[in-house]
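A short write-up of the structure that comes next.
Every chain is named by a letter (A, B, C, D and E) in the order it is written, and numbering of its residues begins at 1.
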């Protein structure tokens, strides 16, 4: 039983780490604000869920678990709202998304 | 410290060093403020790694929360631009900094080694706090017992410092009740944010109360609770409008309550004095010293929370009510 | 296991930090700070388990809260006092 | 040796960076940021002193007998509060300075002050 | 019963009076209350002096926790003496404030003014009385934050920059003190001053101790405006409201000097400070430089307040000189000068406030002819100026006399000459003012000026009269100062 729980929480934690790192790579490598925001906000929620579930599996049921559930709920509520607000105000203040970058433009960009 | 903790500590410190270098070199004020928010978060993490959970709690709420918000309000008024200055010699500051740093490094050479349990710091005064405070004061959180009982007078000074800051900010900025400029009175309608905020604010206040009264057992206490409470009001102000928030918590009430909080703290001391103890000696507050300590700590923590919450909200109001003058 | 997770989160924090340094727009910095904040919450949570004293989850809760309010505050001020150029704040 | 003291040295580096920003910067807000860094690195110095190898957070619990030193934590809690009080007062002063001088660059303010000094003398 | 709690009440009463001042909605009542509290503080200080003047030391344990676990207040001759100075000046300045601020501070800010003054007073008293190194930092910040507020209340916009500059310098000073205290704590594990003092001798030679010493000296140096670190002082005094200049000018730097003395003698011990660290060879050149430089600059000032501010820097030089001589006479001179300088600068700034009330500003040229128009005010100014110069029968003479004796005792005759030269410089810079006031005609187009109201004159003359009284009958001040100096040197033979 213990082994199964350990394995499960390992899997959850590692999955969470993977999502976190992929989001980080996205935020670092993508070359435009909206794609970066996309990478960050999509991975954020799942990453939180997996890591916290990994922890919950370890701790069993007690006050700490309740608090961790609160954290997940809080982050799931706030994180999308924050992303939404961020992107909205970026768009409104005139930061235009590059919807389609042609090959020529992108090569020009890498050169400059 | 075990190897992994050491590694984490070093990684965090390295990040902190990079953040600091970026702050020193950056010329964009906005970036500087954002980075100083990160700096606070990082240093709070280091505090957690070094076992100072109460400090981490406060640093996160104050450094990353309140102080970032105030800085933003200020750069909103003063402008984002940092002009290039004429070439002024940077040699003198560098020399001063170099000498100060050299003296400090020289001083550390004889410092007791980091984390060594036989350091004088851990041998003289602290053992009593660690060993006896759970029985003498009767609460498990030693930081709270030292803060509120052994060194309760320092904490009273701290509340007075907060009050002094309020006096200063009120004197300098004042709070403008009526906003004249109609452009900013109505923020763009933001339904999602407003719904979220309405949903969250009660929980934040509940959490503030939890932190206030659970401070004896876990990290937290009056100061942290006060800051969290003020954060709830700040969130309300941000998602609705300043006028709405001022209708909800009128500044004149807050001013009274801020002063009242200080008086509650001091009053506890005076009561203990009248009951025949020394100033802030909670033992005499009840028949049983442990109960007395409990009551005393509960009351003064309430005073701290009240003052801090009111002062933080008032300072925030004062800063944003200046904002419409120079958009 | 917790150690590995901790280090992974630290790596993510480092990368977010790099984005906060280079910007280039104010929104990139806000995004990075937001991400940094969320990862800090996770870091505190995992670190509690690493040191076998997980009862300090309150700190993580506060971080989550402050992070949200902080981002909202930043956005409000950016909207109210738009930076000189939206493309880059340098 | 290095492992004994590295924490202090990093903290000293941070402290001095903050101190440098504080005294060398021309922009008043940047000065305040420098002040914050300077102060919070001093806080880290204190907290580093309180750490005990193998210790945990000083909140009594079953089965734990090594705690880190709570006293530095208490001192730094007070100092953080003092720090935010100073910061908010300083920022309020900056707002007022901006309103009456219309600049927050130190050299320009000094220049304006010099002009008004000369007017007083004349 | 009250007696035994006096040390705590001395600070707690003004600390708690501050929020009450803020809660009282009527400005006049707030003022009356503040004045009453300031007198109460003065009375308590007198009682404390009576209790300790024979060498007794009072201890007070906050929260009933014995030191070094709890915070302790300890009162000896030295603290009580400084408490007397601070609360005495406050007892004069508070009643004076009402009339003075009517024209200098908008009415909406009067309550804030009294609250901030009360906080400042409480902070300074607390710094003086505390026996705990960290508590000193907290109280220092209370007094500093409120004095930044008070200075920024000045009418000129330069008050804002002065306040900001003071804030930056003051916070650097406070942070240095925090670092110093932290290093001491790392070495000894305690924060109680007496406990520190008992542990430090065993650590002599530790490099950490030396660094802590350096940081504390520089930190307090910033707070007391030691020569190259004095840059914040002239503007702060010049642009603050008159009553604030009088209060801060005559108390804040004095308390910082007290704190420096406390650390040099009590915490580190005279042996470490002067034999091992040789701090006197740092202080002496700085003292000489500040006396000469500041007196020189003062001669060329056109604003009287700024002139007096530079003169304060010079007087601080005298006090440091007395410390750097490392003998009992010199230290007595320093301590006497604490008292005497508070009296004379307080008196002079209060007189200037009266002039500002009638004339509107305090430039040298705008007081032309005031000798006739405001005879009592200018009379007070003349006596204060004589005291500043050090003419016999005024307090200024007494402290300079002790300093000269101390230099001769050591055989440092160039310093004797320096003291005399700088007194001559004081003659030069005060003569300019007196000459303008008495021997120049009031410009024909200048508005009519009346004598200052009694509510300003009485406090000003109280301090000026004290200048004369303690100049003629100096028993009280010299006894206390000698007692304190002997206590500081203790048994050590230096």
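Worth a mention:
In the analysis below, a residue touches a chain if its C-beta (ideal position, glycine included) is under 8 Å from a C-beta of that chain, and two chains touch if they have at least 3 such contacts.
The model shown is predicted, which means the values in this text are computed figures rather than measured ones.
Shared contact partners of subunit A and subunit D, listed by label, are B, C.
Chain centre most remote from that of subunit D: A (centre = mean of CA atoms). At the centre of the protein atoms shown, by the Cα-centroid criterion, sits D. By number of C-beta pairs in contact, B-C leads when D-E and B-C are compared.
Centre-to-centre separation between subunit A and subunit B, using Cα means, comes to 29 Å.
For this pair, subunit C with subunit D, the centres built from the Cα atoms lie 21 Å apart. Rounded to a whole number, the gap between the C-alpha centres of subunit B and subunit E is 32 angstrom.
Between the CA-based centres of subunit A and subunit E the separation comes to 58 Å, rounded to the whole angstrom. The residues of subunit C that reach two or more other chains are 30, 32, 51, 55-56, 58, 61, 65, 67-68, 72, 79, 83, listed in rising order.
Residues of subunit B found to touch two or more other chains are 53, 73, 75, 77, 104, 108-109, 111, 119, 121-122, 125-126, 129, 151, 154, 157-158, 161, 164-165, 168, 172, 188, 193, 200, 218-219. Along subunit A, residues 78, 81, 85, 92 each make contact with two or more other chains.
Contacting chain pairs in the structure are A-B, A-C, B-C, B-D, B-E, C-D, D-E. Across the complex, subunit B is touched by residues 5, 8, 12, 15-16, 18-20, 22-23, 60-65, 68-71, 108-109, 112-113, 115-116, 119, 122, 126, 132, 134-135, 138-139, 141-142, 145-146, 148-149, 152-153, 179, 183, 185-191, 199, 206-212, 214-215 of subunit E.
Contact residues on subunit D toward subunit E in their complex (touch as defined above): 19, 22-23, 28, 31, 35, 38-39, 42, 45-46, 49, 71-72, 75, 78-79, 82, 85-86, 89-90, 93-94, 96-97, 100-101, 109, 113, 116, 120-121. The touching residues of subunit B, counted against subunit D in their complex, run 1, 9-10, 13, 16-17, 20-21, 23-24, 29, 32-33, 36, 39-40, 43, 46-47, 50-55, 58-59, 62-63, 66-67, 70-71, 73-75, 77-79, 82-83, 85-86, 88, 90, 93-94, 96-98, 100-101, 104-105, 108-109, 111, 113-117, 119, 121-122, 125-126, 129-130, 134, 140-143, 146-147, 151, 154-155, 157-158, 161-162, 164-165, 168-169, 172-173, 217-219, 223, 308, 315, 318-319, 322, 325-326. Residue ranges of subunit D in contact with subunit C, taken from their complex: 56-57, 59, 61, 64. Put simply, subunit A touches subunit B in their complex at residues 77-78, 81, 84-85, 92.
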